[in-house]
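Some structures to go through are shown next.
You will see chain A twice below: alongside chain B first, and alongside chain C after that.
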Partner chain A sequence: MSSSISWVTSRNPDAGNVFAIAGVVIKEMYRRKDFYVLLTLIVVITLMLASVGIFNDDRIVRYIKDGCLLLIWLSSLVIAITTAARQIPAERESRTIFPLLAKPVGRGEFVVGKFLGCWLACGMALVAFYFFFGMVAASREHTLPFLAYFQAIWLHWMCLGIVVALVLLGSVVFTAPSSNATICFIVVLGIMFAGGHLNEIALEMRGFRGAVVYAIYYAIPHLEWYENVRELIIHNWGLIDWLYWGGATIYAALYMGLLLGCAWLVFQRRKLTL
Partner chain B sequence: MNTVVEIHDLRVEYRSRELGQRSKLAVDGLNLQVQSGEVFGFLGPNGAGKTTTMNVLLGFVSASAGSASIFGVDVREPIARQRIGYLPELTYYYKFLNAEELLRFYARIFRIPRAERDRRIDAVLKLVDLDAVRKRLIKTYSKGMQQRVGLAQALINNPDLLILDEPTSGLDPLGRMKVRGIIQRLKEEGKTVFFSSHELGEVETVCDRVAILHEGKLRVEGRVSDLLQQYQCNLEHVFLNIVGYKP
Partner chain C sequence: MIKWLMLLLFICCMSLATVLDPEFRKWRNGGNSSVGVLVALMGDSRRLFAHEFFAQADAYFHSGFYPTIFDRQKPGTESDLKEESRDKPEGAPEKEEESSFLGKPKDWIERFGRHFYPTVHTHLHGGNEREMLPWLKLSADLDPHELDAYLTASYWLRTSLNKPKEAEQFLREGQRANPDSYAIELELGRLYFYNYSNAPVARNIFLQGRQKWRKQDSAGAKPDPHAYEEILGEIVRADRAQGDLKQQLADMEELVKVAHSKDILQRQIDELKAKLTEPKP
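Here is the complex of A and B:
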């Protein structure tokens, strides 16, 4: 039978579908108000902090940078988690997933497209946030350590990649986006605050419980490593060794791949019923 | 004539998640063939297994047993969906996109070249009378307009097979007439249309053949004209007779 469609003769999984799906996620982000609200909040709070001049103390700059970066980290986590948590459940709830998956789109392409869209959207938000941060810091310190900022943005973005992949995995396991977002917030903040100390806790424990805590320590993605980069640019401690920077990038990529692989496996087995 | 849709001994079972509940047999040993150029009506009361069968054809649900293919390709392969257009019963699309952006997105998925893409978008928007509002966000559309966007996205790849799940459900008489007109036009173009509907008068008008499903099993399959002659009544009465309705 001759097909009326002459432009496709065979089909393998490819990047075209992934980028098309990612494009829709990015459009959604810039047409929603979340990002603009968070950016405005960062600007207003940072300018308020900057307006407090205490005896021309140079440490005040660090205090402003610390406050601004903390807001940037929190805002980026909010954007990453809320955007990723609603993607697949919202597609199912609004039934937009059905016309989409009725097209030649594999479920793997769908999951990766959603991931890429969220991750790129987070990257775009980070560029805007750090641009403002750079302007504030440069206006006080009269210097702009471009490479250090590049390393910081990059590693921050890598960290968000792990978070987005984790949340997407959560969104195919948990039905409600709100419960998924809450659980992921707790897990991510838990890793950031306590993840680095789990080995010390395990040392104090004996036997099976200690082994379990050790296992958790080695299994979790150590997001706190990425968050610590914040300190480097607050105190202008210079560049991270590029070898460590590359290692941290590969570490993040491995976790992203692992989490996305799990998300695909779970989603692949899901029955989608109208 | 070539076989477009082929379903062989299809069985779909839904496992119950609740303890003590037995699994539900949604489709039981279904055999069906749809030939090229046919308008095929897929009928049955609610819960008969129509939507489940469509879900299998579209790859949303895996068959517990049996097989299904479209254009000879196993429905589990994404490529099987390259030459089909699908309109779900309830159409919701990305509300933050306008009609043109939505169609562009779907056209990209079908890898339609850019020049062809623009031509197709213009053509389908004109066909469904949405050309004038193509730049308006979908969230501002009425229900009828959203249904027409749905039809437009189903036609964007100039499909050889259209799967329509109750395409006129919830539409006003004018909207129904338009959709019916489009189905008729597609039939004249030689397209294959596989659609489910509860509007039996409509089915009688546009379909060449029908299949009636009841409790997951195929009860009747045949040409509309043959069924009307055999039962000596209209399709609605044939349907009621087959599903065992007694007033």
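Here is the complex of A and C:
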């Protein structure tokens, strides 16, 4: 085991290997039915919402955008979490991980390749989802704020990057993919719902418990920033300052790196047996 | 043999369902067959959702600048949608100075995060008020006794959206669900007076509203005194539009008993009395 670790750490990472693994993940996504089912659901539910006649006014659009974006967020989280959660356990279960790592592919390359594949697959799904969203919104509003949508899709993708990295870390810590997916879902939705308010809760608690909650507040990735952009899009608030958009991108990249680093460290120490 | 038995059981179940289902519906709806699927599915819990959907309309009115459940105890979170959805007297200030529930950011994460959601207190205008309507409609569908949903939707429909027919239709729905509501009569009367310019019909509706208010008052239900003043004020306006000075004087004398600005009204009454005693040329 120790010799394999030194072998992994001594060789340089190969981008070819990373992209080859990522390519397999992307192919897997478009072969599976998850994405198509979710896209169909989004289309059907959004068109149903749009078909509702409200006071004979066909210019009402924000509730449709709201519903559609909510579905897009939920669907993208489902795709990101379920795709990432099954990657490493599936390779181990089917024992394809052994020839793969014997190629030789380093464990770091393996983790990064899996991450990149899942993240790019999520990005492709997002492009399809937002394309439909843009068409629906433009059909009623008769405008297409391209840059605002670009910012929204980019920040959404960055958020999914953190989620994918978190799930990959979970998949090397937890034994079953189902438990990993469930825990990650709860953590991600919990952060989106209450993550931004933990500081207020901590201030109300005071003392040691308050300090612990404040520490959690600083430690967690603030996914709610990215999810909140939904409100800006629904209510046509215009562009986010590019400086803060860039800051959020760097913040997400740092968390992706951190979580992937942790996943790699845990995976490197994990004993793979037949 | 088992197959035939299963088939028989299936037929029995189907037959029983056709008998019990209408009875069950009647029992759940108290004999009112017009109550929809939502009632059957959600029961009384739908009222809770009705409030939430009204709050969602409020959030839309502020273009997403709205307190979360973590902010609701803070100052500055009071809803101003109901206040904004009322006819204001001429010359009243359009907007008071707004206070924000957000306060100052407590740390860099909060300061940074505020660039990703609405942080400015604004109200929908220029016809964009239509965006609230789906939530108000849903709120009223879920709880037909949610009067604010009818009143708010009707106000925006008949004012900035210029859809008095749709407003009337929605108010009539509210009237059927809330036959004792003076507030709906007041709104309906305003629709006839300001949008249809039909003062006689409007006056009759205001009178019905006054009657309903008094009925509730005598029953000890403590109806809103401000609404009573508004109803009497609208009756006086309808009198003025019809040119019925005697009736106007009688209604103004009734109004002056409950009005806040008694001095101005008393002066108007005096002027009216002088006008009535003037010899006709």
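Quick notes on this structure:
Convention: the second predicted complex is superposed on the first by the 259 of 274 C-alpha atoms of A that agree within 3 Å, B and C clash if a C-alpha of one lies under 4 Å from a C-alpha of the other, contacts with A are read in each partner's own complex, and residues count from 1 in each chain.
Here is the rule we go by: contacts are C-beta pairs under 8 Å (C-beta built on N, C-alpha and C of every residue); 3 or more make two chains touch, one makes a residue touch a chain.
Being a predicted model, the structure only gives us computed values, none of them experimental.
Legend: residue contacts after superposition of the two complexes on their common chain; A:Phe131 is shown touching neither chain B nor chain C.
When the two complexes are overlaid on their common chain A, residue A:Tyr36 makes contact with neither chain B nor chain C. When the two complexes are overlaid on their common chain A, residue A:Ala20 makes contact with chain B while staying clear of chain C.
Shared-chain residue A:Trp242: touches no atom of chain B or chain C.
Look at A:Val229: by the touch rule set out above, it reaches chain C but stays clear of chain B. When both complexes are overlaid on chain A, the residue A:Gly106 reaches chain B alone and has no touch with chain C.
Using the contact criterion defined above for the overlaid structures, shared-chain residue A:Phe150 touches neither chain B nor chain C, since it reaches no partner. For chain C in complex with chain A, the residues that touch the partner chain are 60, 63-64, 68, 70, 106-107, 109-110, 112-113, 115-118, 127, 130-131, 133-135, 137, 153, 157, 161, 163, 166, 170. Contact residues of chain B toward chain A in the complex are 2, 4, 14, 36, 51-52, 55, 58-62, 71, 78-84, 86-97, 101, 105-106, 108-113, 116, 150, 153-154, 157-160, 163, 165. Interface residues of chain A facing chain B in the complex, by the touch rule stated above, are 1, 3-5, 7-8, 10-11, 16-17, 20, 23-24, 27-28, 31-32, 94-96, 98-106, 271-274.
Within the complex, the chain A residues that touch chain C are 52, 54-57, 59-63, 155, 194, 196-197, 199-201, 203, 217-218, 222, 224-226, 228-229, 231-232, 234-237, 240-241, 244, 247-248.
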